[in-house]
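One chain, chain A, links the two complexes that follow: it is found with chain B in the first and with chain C in the second.
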Partner chain A sequence: MDYYVAIASIIGIHALLGLSVYVVAISGQMSFGQQGFFAIGAYLAGMSTAMWGLGLVPALVLGALVAGAMGFVVGFPALRVRGLYLAIATFGFGEIVRLAFLNVRYTENIGGRVVGPNGAEGFRHVRYVYDRGFTGLHYLAVILVVLVVVVILFFLLERSKVGAKLRAVEEDETAAAMIGINVTRVKVVAFAAAAAVAGLGGGLFIHYSTYIDHDMVALPLAIASVTYPLLGGLGSFVGTLLGAIVLVGLTEGLRGLQGMREFVYGGLIILMMIFRPRGIVDEALVLRVKSWLSPRAPREPVQAP
Partner chain B sequence: MAYGSTIMAGAYVALVPVYLFRAPAWLMVLTGIAAAVLVGLLVEFCCFRFIKKGHELAPLMTTIGMLIVINEAIVHATDAVGLKYPSPFGDVALELGQFLVRRDYLAVLVAGVVCFTLIFLLLYRTRFGRAMRAVAERPEAAQILGVSVRRVNVLTFVLTSALAGVIGFFAAVSVGSARPDMAFFVTGKGLVVMVLGGLGSLPGAIVGGLVLGVLEFEATWFLGATYRDILAFVILFLVLVFRPQGLVGTRTT
Partner chain C sequence: MTDGAILSIRKLARHFGGLRAVNDVSFDVPRGSIFALIGPNGSGKTTLFNVITGALAPTAGTVVFDGAPISGMPTHEIVRRGIGRTFQNIRLFTRMSVFHNVWVAMRRQPRSGNGARSERERVEELLALTGLSARRDELVENLNFGEQRRLETARALATDPSLLLLDEPAAGMGAVELARLVRDIRRLRELGKTIFLIEHTMHLVMDVADRIAVLNFGEKIAEGTPKEIQADPRVIEAYLGREHANA
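This part shows the complex of A and B:
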């Protein structure tokens, strides 16, 4: 039972990270730096509960807010470039954050334990959740509640004007700008929101594992987080959730696949790009499902206002 | 993006003849080159051939996928243990005036100059080089003029992979061992150098390499080794964002 709770918790946290990449992806860009925001959220939320005596909810909110603010600060200059350049620039940002945490030492001695970011040794003993008698199942509930809240926000986003604007920007930036969409603002806001979601995931993660170090937020995490939306599909956020469930479920759930994890991820990325570049749940599938659900729904993509 | 793992694959396979029998250095280099070319062709086949046109990010994604797959293959084949790399140049340092120079570093320098000269001649003095540059600049126009884009692309891969074989050999020799994390290291640094100098600019690559090398050494000296890599990525980020054409490149779009 504990085993399945653990897998479900990891799926929940990785789904948040995947959704973070998804937001950037539907504005037509690809980010390999969301693990940097994940790390910022994790370290900040960890310090909040373990060192500054904050509760879990303020800690998570603080982590998400700071990560979001960083997303704004980074996104503003970075989104001047696009495509390959942005992918490399965001990866550079992720590495800067990772290496910064490799160097930061800010520790306190609390109850005989060294608590706080401690350079290469990582950040240990974030025991807030377990010290207060949470079991794994309780904490899974916390993760799922956060995930549901984020998903509801996403659902609203997809149906809102902002969502339509994002897709318009993805489709054709010039055309979007011509009908009066402030392309830069839409992109930066999306990037900051994506960073906040990643930070939230990070905060949840450190309280789940009680520990994080710089190695956990390196390139493999970036690749995993990009694979979820790519495999799941860019037509709807449901695809990203599906991608996280399938991939984490496969690699964590099947013992035989444990060592083959990177093969699975790498191979899937290549195959998906060749055979179904928009993922399993792509726009066409979304439209088809919609037309099954309500026969009068439009069969052609609705253009942005 | 899979270039780093091509380099690494070359370095690893170059070890095989050494383990089978005491192979001389030239045989190692040749095996490395051959292996790297094979891997390069595999990358081209898997990552580029079936990708539809106009999907800008797709090759990036597929090559990253390939990078992981090749890396994992090597990790599984060697149990993730670093392999000792024999140096054909000995450990003795040469004395040049008041400086001590390691002989293998000197060999790297010579090999670098030779490779650069060969590439320069190929790119700017041959028919094939002209075709390559034409395809890079505007594939459709090159096709209309009778250049086989497909063939040029494959040959480019063969060429760069052969180079990767050489790089892999020297990189492993200068470190003294072949390790599975080599690819990430080489890819990261390679990206910084490329971006710094300007994408697709040969002099830029050299300037970028020199600038990064000097900066990293100064950073190690003044700030400490752990800050060295931060500096590299900060430079990468800043140049990409504020001067995407690189230090010596000219703006094209």
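This part shows the complex of A and C:
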């Protein structure tokens, strides 16, 4: 039972990370740096509860807000470049964050334990949740509640004009500007929002695992977070959720794959790029499902010109 | 100001290194008119559109729209002031439905009492105007060429422009579609839009335009009514060569 609770918790947390990449992707960018925002959210939320005496909810909010603010600051210069250059720039940011936490020491001795970011030792003893008698199952419920809130926001985003504007920018920045969209603003706001979602995932993660270190927010996490939306599909956020469930389930469930995770994820990305570049849940599929769901409009014959 | 020029181009230049794509061009587009810009391939017409819409900064000169200089402004700001545009190579959002292509461009209307139509109703109106109502839920890739051009026009109209720039709207069209285009352009003028088009299809231009400017090698070589342009030896020379002009 505990085992399945653990897998479900990881799926929930990684889904947030995948959704973060998804927001960036549907505004036409690709980021390999969302694990940096994840780390910022994790360290900040961890310090909030373990050292500063904040409750879990303010800690998660603070982690998400600071990650989002960092996204805003990083977004302005980073989004001047595109494609491969942006992928490298964002990965560079992720590495800067990782190396910063490898070197930062800010600890307190609390009840005989060294608590706080402690360089290569990582940040241990973030026990707020379990000290208050939560079981793994209780905390899974917390993760799922947060995920549901985020999913509702994504559902609203996809139906809103803001969501459509993101996709317009993704497809053609010149045409998007020509219908009155401020392309730079759309991209930076999307990047900042994505960073906040990743930071939220980080805050949930450190309270789940009770600890984090620099090695956990390195390249493999970047690849995993990009794989969920690319495999699941960019037509709807549902694809990212699907991608996280399938991929985490697969690699956690099939123990034999553990050591080969990056191999499997990398291979899947390449296969998807070749055979289904917009992922499993792509725009055509979304449109087809929508027309099934709304029998309101029977197909009219094509009108003569 | 209901009369006079909606758009004034003054001594406008855009150079690319040593290439003078547009050089010292001046003209006025009268409000409520159908104004055509013609010229051989590579004469600088699309470059001029790109400068007007802010996609390119001018090397020199100014663009005045509705009495205010707009050169140097970002594109989205120029669009908000009332300039819409279609592209020579169609640039629709291919991963969206027909409806969403127009909806995403829809300009927010100021709040106005009970009679105000909803945004969706106004999208449907534009689709009806451009004859695309039956295709509203299709992906763009399922539209034929003429429909795609009309959808681009509908999308541009959604930004509620007072000046609509059409970049070669007749390119690749057959006779039936051309006839419809002429009707559509006149209809738009009746709706109060000023139309400024680039076009190669001469009989369309001569048929529909009130006034024509001719570019050759980035410079304006003539301007006038269709009759004046047809008789202008410099225009004939630019298109056909010197011996025809003298004949």
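Basically, the second predicted complex is superposed on the first by the 295 of 305 C-alpha atoms of A that agree within 3 Å, B and C clash if a C-alpha of one lies under 4 Å from a C-alpha of the other, contacts with A are read in each partner's own complex, and residues count from 1 in each chain.
To be clear about the criterion, a residue touches a chain if its C-beta (ideal position, glycine included) is under 8 Å from a C-beta of that chain, and two chains touch if they have at least 3 such contacts.
Here the structure is a predicted model, which means the values were calculated and not measured.
Applying the stated contact rule after C-alpha superposition, one finds that A:L219 touches chain B and leaves chain C untouched.
Residue contacts after overlaying the shared chain place A:P277 against chain B, while chain C stays out of touching range. Contact with chain B, but none with chain C, is seen for A:R80 once the two complexes are overlaid on the shared chain. In the superposed model, A:L268 makes contact with chain B only, not with chain C.
In the superposition on chain A, A:I88 contacts chain B only, with no contact to chain C. In the superposition on chain A, contact of A:L230 is made with chain B only, not with chain C. Touch counts on chain A: comparing chain C and chain B, the chain ahead is B.
When the shared chain is aligned, chain C comes close enough to touch A:A175, but chain B does not. In the superposition on chain A, A:R167 makes contact with chain C only, while chain B stays out of contact range.
Within the complex formed with chain C, the chain A residues making contact are 161, 164-165, 167-168, 171-172, 174-175, 177-183, 235, 278, 283-284, 287, 291, 297, 300-303, 305. If you check the complex, the residues on chain C that touch chain A are 53-55, 74-76, 79-80, 84-85, 87, 91-97, 100, 103-107, 131, 133-137, 139, 146, 155-156, 158-159, 176-177, 180.
Those residues of chain B whose C-beta lies close enough to touch chain A in the complex are 46-47, 50-52, 55-58, 60-62, 64-69, 71-73, 76, 184, 188, 191, 195, 226-227, 229-230, 233-234, 236-237, 240-242, 244.
On chain A, the positions that touch chain B within their shared complex are 30, 77-78, 80-81, 83-85, 87-89, 92-93, 95-96, 99-100, 102-103, 219, 223, 226, 230, 259-260, 262-263, 265-270, 273-274, 277.
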